[in-house]
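Just dropping this structure here.
For reference, chains read A, B and C in written order, and residue numbers begin at 1 within each chain.
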């Protein structure tokens, strides 16, 4: 039974990682931007969710508000700042880095430095008895949410016009533009969606992992590890990478506690040596 | 030619100022100047990679930190003196640079950036997590300064030591960038494919540049370990790499002197701002954004532009 | 691999800067600017002599320890305001610098306060890493250091290589917070415990002291787990917990404490295993409302409880609540106490700090009732105070840490004498991983 719990744990954390990494991967795949502000989207999204939760008591509203607010923020950043440096990678990266620092400081200013946890919605609180142990229902909920989001993103990518345009844009932006696809609008949209995913991750993670100054960097690093393992630009890569990292992290901590910090980096280092573009990355 | 005489005058004045500094300001500022010089070297080393070879690395602090840790570990754990610790630290950072280069140079652009970031994080996690070896989060205090005949414990003595070491390193870097090797690097920066077509083994040049950059960064790291008499995982953190990057960009990539100025400015600003407010990160982030938007070629670029315009009809 | 050409950033400057003419011009402009700045600035950088006594405060005001630093600063300011920022007729000036929780920054700021701003005594410090670095600085430069923050590294005030005659510590040390907890745990009837301790010097220190004291009484640690500092997900550790233990003893600082507490309930362990939280980091006042009823019944050991009913504390709690709207935890009372120690010592030397050793003697001689109880210092400058075992209960509808047991006159070696303590063979560093081995814990030289 204890094995089942460890596996569930790995998958639950993996789903959180997926939400985080999917956005980063999508943004890079289409726009070739390494969005370092992604960590801020996670943290600020989480904090916004916290504030909404405190005012209204509704977790669903918190999720919605955070996703919407951060999507807007992302769209504005992309449209008015990043767009200026189209295809110039270093300036874009530097800008997103600058924003990461700015948002880190602002969130410390606004929400303070004490770590905070969003209260779990009552229906999801409590644990499912599993033999001698109990497993948190909320984490099972996370697994469900992750699967739903993954499914939705996949369906969007494969079966909608927008998704087809996205795939075309990823393959070759210039040709896509030549074919009449409004690539600029697509860019803004995808950036916003990626940001919203990170924000969702932040709100969903808050009840268990808490929000604290520095969570943006921690999240960013984990997202990086996942996309390096899974491959940039691939949704499948983000999912597989996230699950792999989540499981390895849990089992690593449980059975090799002295290497607890490294269990996250080991798969990454391995992939870098063996297959630098990641499991499902494109060259 | 007045230009040449003018530039000699400038050099002499500058050197004189640097030499006279300890007699002009209080010890605290001599310490600050020492820190500025050390980071000037760090920034210049990154400039070799970014400004001259065109490779943007987000993990340069790894080499800085590895050298610092090498110094601390050798002195504190192996009881070794400065004569051995110092060069050993350089070797450590050079070797680390070579390892990272081999892995990272399989990619370009954003992939390269991400990989350098990730690898630097791995090094950081070793320093942070391997408590029994590195003391982890607490860091390693008590690093004694080397004694090469004179004691370097005093602020002024150490300042002159750093000035001498970095001065030589800077001249060496200058020689490197002016050499045919340096010119080849600039060619690679402009267009890899063209250089490849011309018969240059591009990878080899990039590799050597990367390793050299790592060595010079290591030199700066070793000096910093002695300066603080302390080493901690923050030396390896991505924020340190990010600060190096902004020093280069702020000053002006590809000029060597620009990044040195950028470094001095950032070190000074950080010291000044953090006394006034705890919002240094906000200031740093804003500098990033503002410089990228309005002064992408850095301060040197701005000055050159200004002077260019003055002479335009 | 992208087919579009990446324009190397800022590379367009190359054609210009490459010409030595442009470069020279640039150098000239900068050099002249620098020279002007220095000549103008140099006189302004000279020191100013004054009758004011300057106190250099070193606290993390940004970064992960920011809330702790802020609380400590509030506590300090509270005391200095109470005495009108004056002692022995001299005005007291507080110089506050942010250490960011980083040792190198801490030393730089210490240097700044002493060398640039003329501070005659340093105080504060939350992070043990910063404490160790600043301790070195204090010793080398003979600057009095009054540690009044969380930095509880035992070896700072024990005889050994770090001994610093210019140091006193009014806050606590790791051992003294956990050894009484071991005594209480044994008296409560617990004989087997499982330890979850944060993997860093403070955590190892504290849990070692618990294990050693517990073994000495006849108890035993049956399991030890060491999540790294900053662990977000305690799932694996909680799942691994040995359920046959009588209780789980934890030391999880900062945000880790909040997460641990929450996840403990989450995994259905509440009610199955009592929790003894060393240092009260899980039941830290700002965490209680977030943990909700899941925190009820958690025991903790600390040198303070906001619910302590003494005239000193009642006054303190009322004032702190007025300033911050919150109940005090540990940093506020510590900051307040450290400030008082400094002020009392300044009064004892009549405001003349020029004889540093005399000032240190005065500091070591301080003795007064504080919000955390009666306080004095041992010969190494380490505080002797009371420890409290508290339990989370509902008081007037709010969750609070209520003291249920008191241990008075706890010094840094408790329950051993200094001589007895010196007889133990292994240091805590060597014992991580061996906390389940009573034989090794109690082995004498």
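Following the convention adopted for this analysis, a contact is a pair of C-beta atoms (placed from the backbone, for glycine too) under 8 Å apart; a residue touches a chain by one contact, two chains touch by 3 or more.
Please read these numbers as outputs of a predicted model, since none were measured by experiment.
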{"item": "Contact-richer chain pair [A-B vs B-C]", "value": "B-C"}
{"item": "Middle chain, criterion being Cα centroid separation", "value": "C"}
{"item": "Cα-centroid distance, chain A relative to chain C, in whole angstrom", "value": "34"}
{"item": "Between chain B and chain C, centroid-to-centroid distance (C-alpha), Å", "value": "33"}
{"item": "Residues within chain A bordering two or more other chains", "value": "32, 89-91, 94, 105, 260-261"}
{"item": "Residues of chain B whose C-beta touches two or more other chains", "value": "56, 109, 129, 249, 279-281, 296"}
{"item": "Multi-partner residues of chain C (at least 2 other chains)", "value": "1-2, 6, 8-9, 62, 66, 199, 228"}
{"item": "Touching residues (chain side chain C, partner chain B) in the complex", "value": "1-2, 5-6, 8-14, 16-17, 20-31, 34-35, 38, 41-42, 45-47, 61-62, 66, 97-98, 100, 102-105, 107-109, 111-112, 115-116, 128-129, 132-133, 136, 199-201, 228-229"}
{"item": "Interface residues, chain B side, partner chain C - complex", "value": "3-4, 6-7, 10-11, 13-14, 17, 21, 24-29, 31, 35, 50-51, 54, 56, 108-109, 129, 131, 135-139, 141-142, 186, 189-191, 228-230, 232, 234-235, 249, 252-255, 257-258, 261, 271, 274-275, 278-281, 296-298, 300-301, 303-304, 307-308"}
{"item": "Residues of chain C defined as touching chain A within the complex", "value": "1-2, 4, 6-9, 62-67, 70, 199, 225-228, 230-233, 235-237, 239-240, 243, 254-255, 258-259, 262-263, 266-269, 286-287, 290, 292"}
{"item": "Touch list for chain A against partner chain B, complex", "value": "28, 32-34, 81, 84-85, 89-91, 93-95, 97-106, 109, 217, 221, 224-225, 227-228, 232, 259-262, 264-265, 268-269, 272-273, 276-277"}
{"item": "In the complex with chain C, residue positions of chain A that touch it", "value": "2, 5-6, 9, 12-13, 32, 87-91, 94, 105, 108, 112-117, 119, 126-127, 129, 132-136, 138-139, 207-210, 212-214, 218, 249-251, 253-254, 257-258, 260-261, 283"}
